[in-house]
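Two complexes follow with chain A in common, the first pairing it with chain B and the second with chain C.
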Partner chain A sequence: MNKVMSNRLSIAIYVLPALLLVTILVFIPLILSAYYGLMKWDGIGAMEFIGLENYINGIKDEKFWNSAYHSFLLAIFSTLSLAVYLTVSLILASKIKGSDLFRKIYLIPMLLSSVAIAQLWIKVYNPSNGILNAILMNLGVKNPPAWLADPSLVLLAIFIPILWQYAGFYILIYYAALKNIPESLIEAAKIDGATPTQIALKIKLPLIKEVVVVTVVLAIVGSLKYFDLIYVMTGGGPNGASEVMASYMYKLAFSSYDFGYGSAIGFLLLVITLIVTFIIRKITATDEQVEY
Partner chain B sequence: MKRFGYFLLYVSLTVVALFQLVPLIWLFLFSLKDNREIFAGSPFALPSELRWQNYLKVWEGGVGTYFFNSVWITSLAIILTVLFASMATFAITRMKWKWSGFVLGLFMVGLMIPIHSALIPLFSMFLKVNLIDNPISIVITYTAYNLPITIMILLGFYYTLPREIEEAAIIDGCSIHRMFFRIILPMTTPVISTTVVINMIYNWNEFVFVNTFISSDKYKTLTVGIQNFIGQYMTDWGAIGATLIISVLPIIIAFIFFSNKVVEGISSSAVKG
Partner chain C sequence: MKRRLFTTLLLSLAVTLLLVGCSESSTSSSDNEIKFMHLWPEGSSKHHYEIVNEIIADFEAENEGVKVDLEVLSNEQYKDKLKVLSTSKELPDVGMTWAAGFLEPYVGGNMFASLDDVVDGELADEFIPGTVEAYEIDGTTYGLPLELNIATLYYNTKMFEEAGVEAPETYEELIDVVNAFKEDGIQPIALGNRDAWTGSLWYMYLADRIGGGAAISNAIDRSGSFEDSALVEAAEKVLDLVDKDAFVKGFNGLSDEEAKSMFMNEQAPMYLIATWDLPNFTTNEDVPQEFRDSVEYLKFPTVDGSGDMNSFIGGPGVGLFVAEDSKVKEDAKKFAAFFIKEWGEKSVAQAGVIPATKVDASSLDLPQMYIDILDELTEASNITLFADVQMSPSVAQVHLDAIQALFGNEMTAEEFAKIQEEALSKE
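Up next, the complex of A and B:
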């Protein structure tokens, strides 16, 4: 038995295909990204070593920090919207008939590609023929805004489809966690005379704290990496008003062919994501494990 | 009073459901209209006649090609991902070797990588080996980037498989490969179907890799294809609507038939950023 299960050749045959693919296509590019960041390079011609210049320029680049600021705004919006999702989940988990159907309806947008979502919402926001302004004009609004063309509204306009896309995902996670709470705990609280609101806030919420932390990390890190939807909806415009870190990096590399600088920005994106993840984990770390 | 409270709760849940559904219903309605009807009529009016020709027009105008590319690229990547992930999970959980913990750790770190940080080096690597504008680059990239999440989903199931089965198989003189392909793989079908569903959603909806590595129309998948296509049909809303509906239909159909698997897959993929 042991002889068969520790045969080196068999182990290699089973683990190497996956390990090689992940090493070559996931890890080596990350190291290369840091390395290319040290070069002046257009992606095709010869590389020229310029030391830390790209990284220093990146740290001084106003456009980069502007895009980072937009990414962080989206992260804050996304985190705040978790409260809405959590409220909906608390309602759903309180013995509502048809909660299964509701959950599945909420999940539908999550299954669609960001490109399709972006194209659909471009139409929703269309100033003259979109459904949003049609509704607003029916309600008596005389001059409805131009949404995606308005620099002061564009981030908000992008955030609505994000909310729409991820609602079902977070509701699903919260609902599963809430359903895991033993019924006996809730019954005991009821016998002691707790109101439904008290049960939700004082018993259910503390019990799913761990899950809430995970979703906060997901929402923030996900927002920092956000790309597809924004790239298709606005391309970062108008005039950089909706540029985020990933779209800025993409433009540097594949529109301006500044691969060296783009790599440096890509590497900064990785570092920022890892630092933020680490900080949230640190802040929210709990040493007490919840026991029922 | 209590009844009224429940009524309010239902109303709020229904409002959320409408918010989720109305844009999609509106999309379906205008995919069957022509511009005159869309621009002049009420947004929720039913089409005066069902213009399925919108669908036929875009299908023949190129969307059909993108659709087939999406189908074969998605399917091939799913097969490779699930096979390689199953093999690696088998080696990590069942075989005895010193580095298994370290290798598992590597796969788990792979879950956290933002793809944009790897995009430029991947592009230059594929350029060097002549795989730019070749769908093979897409298939292997999808496989590599979905392996960590697939392994993570498989892992829990493999830990619960009883060891007696392997022992019995080996005592009976079964080779390790026969045991894996004839006994272990069939036993893991329930969890494999979850990983297939989640891989299908990721691959079908992926955009950045195809947009970066593929330039020929004949290799483009739906996400990138519709992006170009809609550029050409800028003003023809019916055609755009039909294109979008075609692109989301397979996933919606999969959801209708396997909704429990989809729910399971999405919940277990929650760790992926």
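Up next, the complex of A and C:
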């Protein structure tokens, strides 16, 4: 193995294909969109260079910051929900009966496509015919809310399927990490008289800290650039009440035909995500490597 | 050594694959191949799809050596793809476009060919007046309209009888009908305002009745203003309807499809939509006969004693364009003209569409409601083009967002007028 790794050519062979693809599909478009952001462009006709106007407008755009606020709310909710997923995984990993079955049940939403999930929840939330309001009405609620049409509820209503969608994914990651902890450590703790709660909090959690950090980054970054369920379920409406940064960018570029401005917003989204990722890495950085 | 040879081979294979992926794949097209893209997939628009295939077969039979290469996408994907193709200058030779505001960026980018020669030549006197004009920009025609749609208020006669009400002719009567249904615990009007153009239809009709047919068009072409008292009053009427719970619960979160299914499942007795849904109320065998028999239409009521009931909101739907840098432009134009001619009668008879070309309906066996609406069209005093089509895409987006906010009671009538006025004057 060492022999292979010391050969420059073979290193190149392993690295190059992926590097090429990433360059072509990620970095070049990235630079291009930053460049388009400097243009007044409807996406079809000729471009006109207008300097930083789009970026300045973006920074001053109330609608953009409103959508950014929604994205951050989603990020906070996703992060908080990680605690729930972690608890579930701790329980599942502690050899209870049927944990295998539960693990599979939690994974199901992940197997569905986003559009299918969106369609499912649109039906659940339907104000007149949806199952949710039918239940509420049977419980005696006279005038149940209109969920996706109510500006004050729509965001919450749409977060629930998003969190539900990713539950299985995070539970799976935590579960795998927990299963990786050597049995001998747990047994040693038991012999020393540790309670199950102590084992969970003082032994297991510190050992999977790295994994937790990774999931936090994934959850926050994923939330900041989240798009699909929102696009299908509300399109950002009513009147921007569920708009997030990515859906706002899409709306500008593809509905308003303002490609230049849309690109600028896309670039701002990237900058925001980078800053946030950097901050999280800074906060959670550890020197010590976990050694079992 | 052997291993190194293998890896080198592998690498070169990877690179070749990559290059092949990037290279042009259009080398196979011969000189006489017309690329045609349309938006009626077999699954959702079976009749349309079949008619297109028939027309293509006829055209190929008449013009030896010319082949039509077809690509079909559904509506939203079609719009996105058209945009992407135009950016990379690979538009199909013939494709579909919408009128007015949608055309602007394409014409501005010099993507669509002028069709003046076709409209004045081969197709002279074929179109219903007012249709082809919607595809004109600065006096030049860039599109050939296929359909003509007008919006009317459809209602369920059975439900009206059960509630003991008559078809309303004035706004006041409409409110009475709304109240009567509400007393029976029925939600009166199906509206899917997530799409916002549906709410725009209501607003436009109210504006048309209060301020006359030209009020909105004038505001959009800047000879008038959105802050005109009639247009503000129309917005107030919308708030009045919302206030009286005239529309189904949660309409701002419902898509048009969901609203339509409420109307078709007899959950709501009224539904304002354009004639593209006519087949669902007349010929579509998948819809129960009983429901189709009970659907009738009415012309939008007058408001406070004013308004011309023969004035309609509507306009041409999709039309054909020919790409400016098409390599087979002449053949493409010929195909587009041929398509328009054949489409007229076939679309009436087979798909239940109202075409933009003049068709002699008397020889065809058509449902009564269909004939009635064709008659309305000939008697129409005015047809105002849908506001979001008249506007440029960015203003249209402002209009649609404002409509959602207005219907959601998040905006006053004055704010509604102001925000659109600002967007329009910025253009």
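In this text, the second predicted complex is superposed on the first by the 270 of 292 C-alpha atoms of A that agree within 3 Å, B and C clash if a C-alpha of one lies under 4 Å from a C-alpha of the other, contacts with A are read in each partner's own complex, and residues count from 1 in each chain.
The definition used in the following text is that contacts are C-beta pairs under 8 Å (C-beta built on N, C-alpha and C of every residue); 3 or more make two chains touch, one makes a residue touch a chain.
Since the model is a prediction, treat every value here as computed from it, not as a measurement.
In this superposed model built on chain A, chain B and chain C take up the same space, so to speak, and clash.
In the superposed model, A:239 lies in contact with chain C only, and not with chain B.
Of the two partner chains placed by the overlay, only chain B lies in contact with A:270; chain C stays clear of it.
In the superposed pair of complexes, A:248 makes contact with neither chain B nor chain C.
Shared-chain residue A:113: touches chain B; no touch with chain C. Contacts of A:10 after superposition: both chain B and chain C are touched.
Judged by the touch definition given at the top, the superposed model places A:151 against chain C, while chain B stays out of reach. For chain A, the partner that touches more of its residues is B, with chain B and chain C as the two candidates.
Of the two partner chains placed by superposition, only chain B is touched by A:105; chain C is not.
Touch criterion met: A:42 reaches chain C, while chain B stays clear of it. Taken together, the two structures place residues 10, 13, 17, 21, 24, 43-44, 128-129, 254 of chain A in contact with chain B in one case and with chain C in the other.
Within the complex, the chain A residues that touch chain B are 1-2, 4-8, 10-11, 13-15, 17-19, 21-30, 32-33, 36, 43-44, 88, 91-92, 94, 96, 102-116, 119-121, 123-124, 128-129, 131, 134-135, 164, 167-169, 172-173, 176, 214-215, 217-218, 221-222, 224-225, 227-228, 232, 246, 249-250, 253-254, 259, 262-263, 266-267, 269-270, 273-274, 277. Chain C contributes residues 4, 7, 10-11, 14, 18, 79-80, 83, 86-87, 105-106, 108-111, 187, 193-194, 196, 248-254, 258, 262, 267, 392-394, 396-397, 401-402, 404-405, 408, 410-411 to its touches with chain A in the complex.
Those residues of chain A that touch chain C in the shared complex are 9-10, 13, 16-17, 20-21, 24, 42-46, 122, 125-129, 146-151, 154, 234-235, 237-240, 251, 254-258. Residues of chain B that touch chain A in their complex: 9-10, 12-13, 16-17, 19-24, 26-27, 30, 38-39, 42-43, 84-85, 87-88, 90-92, 94-97, 103, 106-107, 110, 112-125, 127, 140-141, 143-145, 147-148, 151, 166-167, 170-171, 176-177, 180, 201, 204-208, 212, 222-224, 226-227, 230, 237, 240-241, 244, 247-248, 251-252, 255, 259, 262-263, 266-267, 270-271, 273.
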